[in-house]
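Per-chain numbering from 1; labels A, B, C, D and E assigned in written order.
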Amino acid sequence: MQHVEKPPILSVESLRKVYGSGAGAVEAIGNLDFTIGHNELICIVGPSGAGKTTFLRCLSGLLAPTSGQVVLEGKKVEGPPEGMAVVLQEYSRSLYPWMTVYDNIELPLKAKGLSAGERKAAVTEALAAVGLSSSRKSYPWQLSGGMQQRVAIARAIAYKPKILVMDEPFAAVDAQTRADLEDLVRDIWQRLGVTVLFVTHDIDESVYLGQRVLVLSSAPTFIMEEVRINLPDERDQLSTRALPEFARLRTQVYELIQQAKHVTYRTQPAVAGEAVSHGA
Amino acid sequence: GSEQKSAAANGELREAHVGAVPVVDVAALYVGEKQGYFEDEGLKLNIEFGQGSAAMIPSLLNGQFDMLYGGSVNMLQAAGQDLPIQAVAVGGRTTGVVGKDHGGVLVLPESGIENAAGLEGKKVAVNALRGLHEVSLWAAIKKAGGDPKKVTFLEMPLADMGAALESGRIDAASTSEPFLGVIEGDGAKNIASLYAEADPNFVTATYFTSTKMTETDPEFVKAFVRALEKSFAYADANPDAVRAELGNFTKIDPALIDSMTLTRFKWGLTTEDVRLIARLAADAESLEDPDKATDAVTAFLNEQ
Amino acid sequence: MNMGKLPIWLFVTLTVPAVILALWTLLAEVTESLYWPSPLAIARVFPKTWLDGRMAEDVVPSLVRLAVGYLCALVIGIAIGLVVGSVRRLRLAVEPVFEFFRAIPPPVLVPIMMLIAGIGDGMKITVIAFGCVWPILLNTVEGVRGIDGIQIDTARSYSLRPTQRLLNVTIPSASPKIFVGARQSLAIGLIMMVISEMFAASNGLGYNIVQFQRLFQLKEMWSGIILLGIIGVAANAIFKLVEKRCLRWYLGMQSQER
Amino acid sequence: MTAAPTQTKKQTGKGSSREPLLWGLLGVGILLALFEIVPRFGLLNSRYVPPLSDVLAALGGQLTDGGFWVALGSTILGWLLGLAIASVLGVAGGVVVASIPILNRMLSSTIEFLRPIPSVALVPIAALLFGTTMQATLLLVVFASFWQVLIQVMYGVRDIDRVAMDTARTYRLGAFWTIRKVVWPSIMPYVVIGIRLAAAVALILEITGELVIGSPGIGKLIVVAQSSVATSTMYALVLVAALLGVLVNVGTRHIEGRVLFWHASVRSEGA
Amino acid sequence: MQHVEKPPILSVESLRKVYGSGAGAVEAIGNLDFTIGHNELICIVGPSGAGKTTFLRCLSGLLAPTSGQVVLEGKKVEGPPEGMAVVLQEYSRSLYPWMTVYDNIELPLKAKGLSAGERKAAVTEALAAVGLSSSRKSYPWQLSGGMQQRVAIARAIAYKPKILVMDEPFAAVDAQTRADLEDLVRDIWQRLGVTVLFVTHDIDESVYLGQRVLVLSSAPTFIMEEVRINLPDERDQLSTRALPEFARLRTQVYELIQQAKHVTYRTQPAVAGEAVSHGA
């Protein structure tokens, strides 16, 4: 496929995932094959039920692929790899109700072996970044949906991962907060050299954030198209979004998604011409 | 805690752990202790109560108990199954007086049952199936001309028989003092003195120990038996002392104690006493090989 | 595929029992205690003890009582548990009462039951049901209490009728916990079966075990215990089948690929 | 973390800390009243089930008896010790067995085999190993109550939220933190029930053990009372045992309010 | 406040909600006071954690307000009123995992007393409307996040409520599906005369869907502004969104939300002048 400039940190090799077996089997991922470079910011978009979450679960070692593999820094992923933080789509269930917001964010840091002082600094900073400093002593179930989601994001940020994987992380927050968080992600990405994989349904967001946008087809999914985002590296909410190139890209992605709904990967050379040629 | 203290205080006294059930017979031990008979033999009694010999024999075998008081039939059954135990002395005995014994079979007056033979076809509660009561009852029924095989025996704790009898759930209750007196007092009729009817010299309970004990420490066993003999003699002569002790180690109502029929503290346990019980037990299908059991359990007695 | 799996299955299920048996045999041979007969000796007495008549006369009646008692406990435990779990104040009031009864040892309790339920099968079934009911009841109560608030809100907002709520929301939601209780009770039922037959019984598996013990027929007693264990394993297998059917959704959900 | 329970307690409002106790007292009060009324009015023969007032009178007699307190002390000691051992073993074993599928499958038949073994059958073995000491009874107590906790915990592990577990895995919390901060709180509702079930079983076996084997405790006093036709005294002793059971309930409920404040079962009742 | 043309179906009267009490109390709703007419389509926007969900819960009788009341068709709301369907923000937890998708949707219809035939028709139609016809036999936990959300929506639609209350119902679906669902909601609203309350974080969506957009302040919340959407009743995704009026409105709402983050209602006449005057 397209050329990746930076040395690859992650390569996905003919990944395929089928849930269940026999008559009730659901093929979620048809075939995924691509690489991601160091410190890239990749956005993934695709129709609802395409297989994005499934892909992220395979990538983060939570789910064993049916065939194919994910190779991270030269090692095959078989369990959750070190230095990766994942914000799961089910954010509210990923927070532990028996811990305060603060403790929820601190826990992975404890496991990582940070000292008390470092932990405190990291948690406080992350909470401030998502605008929840005042809720640190609350329990997750005392927070609104959007606040819970931000706690999950704060936990991932405080972890200072090498790879940050986020599954629709801003779905439940308002437009203003969303914009702030988008800038936060880009900032972290640029400042800390993190590699970011970002699943979203917001087309503008994918264009605004990413260096590349992968458009997935509906399940069983494959990469329908890869859109390079040739926007300047310095982006900001007002000016970047006003660029004509931005408008062009978002229209391009939008149209691809509209197509994506009707295209799926078929292992047998059956009907959809494009899909087959792509898969082969 | 208290054991160690007293052992330290009377350095020369050997502690004798006796397992027993809280019944009249055991009063002999308390009487003897009070009279100093055991101390004279260099023993200090430590009596512990449990529910029955089946659960206590393991503790005897592992050395927790030095001596056990228990039903004679039970002892034979254990010996019959090759458990290494030895009878050392008599524990309790029938009074031998029909109608005035410490064990009896009670029925409701309106039941029309007149004697042991009348139990045929009835439900009779005993405190342990194939135990002392059932074995002696078989003998009593046979003597009265009945067929014990036609009797349905049911197992029931002594304490619960009164209620069951009164409500008609059982037809007869084979029980012993103090329950005997209580239920009789409530209007039940005593139709058979089962021990006395089985045999006027029927040994209801014995003291026994492990074979290992008789081999490793026969002196202790002999000392215990000597003290016990004196205790029996005293208890036989002073029933009031027995009644007084009963008030101490049981919770029996004082009024009841005064009216209770006591066991007969007659000393002496012979191989023939044991064999008789074994035969009766075998007749009652509760023991397989009476002679083997008798021989096994009386080895120590015979050495004397 | 199935042929290939069979040896693995056999290995997995039989290894531990085999090791335990071996150790037991070794221990028995070394100590030669009458109280620890070797499995071989037990196996020798087993057929004569249980297969000659006792199966029909003792084991089957026991199992019938067990089944009836267990089913009663199931119905009563779930019914009371659903009510008590839904009404907080009722729960606060009756829970100590439950504990009160639960703490009474069967040797004391059974005689009281004899006063009420007689000495026949009724009493024995009552004793079994009494023992089995608590794990079911407690787990049902907790199951009902622990229902996700959002699930209740959904039922409320769509104005489900009480019976519909009970059948479609409360019971399914509590069912994983109810099944834990039912599983616990399975073993307790067997134990209570033995205990119930210590009183006023003249037949039954438990009755025989107790008699063997009383008569110092220890090999026979152990064979009875082994039989109990076998029944336990069999009952559990049936239980698992039922659970698999009733909790298909839950097992599927929990055992999703990770 | 420590501030939390008070915070949630406040939320439940309306002097709720005392309210459960009042309802509990009401329940027990009605029960005790029944115990007085039923024998008094001859619904049950008062010789066999004496009315509460007689039992209380007998209890009064016991309370002044030093031997009773010693016995009660050793019963409580044996009971709590057995319960503690069973709980620790049960929780540890349950977590280990349930979280390692192969172990689970290897052990399941053995567990099912051992669970229905009645403790009465184990009495001789316990007595053989330990005689009439406390340990013999302890063995029975632990054996019987262990299974309750074990099964409860095994099911608790099965019920851990998948997403919660996935989160622990992605952050590589490791066995220590995962068990301490994720598994343990998740299975807590199950553990509480397990311990409550085990507490009653342990108490029953402690007393039964004393009763049958003759190890020290109130069970032994029950034997003496039973064989002495002292029915009221016997029921007084049983009443003591039952009240210990009620105490378990009060205790676990208190603990539950503290450690499960976050759980739906506690939270929903507050609102 | 502003004039409502249609006869009011719902009036919210000085509603206030405080979670907890004492030191840990959180005031979620400061003061809400407004009415909704028959067959109106109201969108509610506001910062994350404002109190939108809290408000919807009070409105639907799931939560008792601290003071004030909600009156629906002349009756004070004290429990969930009949004829109302709610799509909760926690959509995934609102589906019963022990029922298939089909059964989940059917259950409320049973409660409503529909015949088997009617139920079947309604469920099938609703499933088709959200594009999940092929998943009817699946369990909710076998679906992707967006699919679960669509099931929750289908359940509400199949119920044919008089009032439809939706809390961020399209948060987890892709842009294309979102557009389809938006049109579905407008279609139902127009065709069946349903009154709709719609909470969203998507500003475009609120403008595209609503007749009025209520902008809430952050918690403790009050209505900061009410924006009338004077767009033609016949809307479609391409032409309506291209209207200059649309652009103006979305900018207006966007700016309001940016303000909203910093304004809260104070019961005591303390600082924020506007808030107090509004509340008084």
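The rule is short, and it goes like this: contacts are C-beta pairs under 8 Å (C-beta built on N, C-alpha and C of every residue); 3 or more make two chains touch, one makes a residue touch a chain.
For reference, the UniProt names are A, E = ABC transporter ATP-binding protein; C, D = ABC transporter permease.
A quick note: this is a predicted structure, and the numbers were derived from the prediction, not measured.
Asker: Using the contact definition stated above, find the chains touching both chain B and chain C.
Answerer: Common contact partners of chain B and chain C, which must touch each of the two, are D.
Asker: Have a look at C-D versus A-D and report the one with more C-beta pairs in contact.
Answerer: Pair with the higher count of C-beta contacts: C-D.
Asker: Among all chains, whose Cα centre is located farthest from the one for chain A?
Answerer: Chain B.
Asker: Taking the mean of the C-alpha atoms as each chain's centre, how many Å separate chain C from chain E?
Answerer: Centre-to-centre distance between chain C and chain E: 49 Å.
Asker: Between chain A and chain B, what's the gap in Å when you average each chain's C-alpha atoms?
Answerer: Chain centres of chain A and chain B, defined by C-alpha means, are spaced 83 Å apart.
Asker: Provide the list of chain E residues touching at least two other chains, using ranges where the numbers run on.
Answerer: 19, 90, 93, 142
Asker: Any chance you could list the residues of chain C touching two or more other chains?
Answerer: 35, 107, 111, 115, 148, 198, 213, 218, 253, 256, 258
Asker: Among the residues of chain B, pick out those that touch two or more other chains and give their numbers.
Answerer: 52, 54, 57-58, 157, 159-160, 163
Asker: Show which residues of chain D lie in contact with chain C when the two form their complex.
Answerer: Within the complex, chain D contacts chain C at residues 19-20, 23-24, 26-28, 30-31, 44-45, 48-49, 102, 105-110, 112-121, 123-125, 128, 144, 147-148, 151-152, 155, 158-159, 162, 165-166, 189-190, 192-193, 196-197, 200, 203-204, 207-208, 211, 219, 222, 234, 238, 241-246, 248-250, 253, 263-265, 267-269.
Asker: Spell out the residues on chain D that touch chain A in their complex, using ranges where they run on.
Answerer: Its residues touching chain A are 1, 3-4, 161, 163-164, 166-167, 169-174, 177, 181-182, 185, 188, 262-263, 267.
Asker: State the interface residues of chain E toward chain C in the complex, per the touch definition above.
Answerer: Contact set of chain E toward chain C: 57, 60-62, 79-80, 82, 84-86, 88, 90, 93-94, 96-99, 107-108, 110-112, 139, 141-142, 159.
Asker: Show me the residue ranges of chain C that touch chain E in the complex, using the header's touch definition.
Answerer: For this pair, the touching residues of chain C are 148, 150-151, 153-154, 156-161, 164, 168-169, 172-173, 175, 249-250, 252-253, 256.
Asker: Where on chain C is chain B touching in the complex?
Answerer: Answer in residue numbers: 34-35, 107, 111, 114-115, 118-119, 198-202, 207, 211, 213-218.
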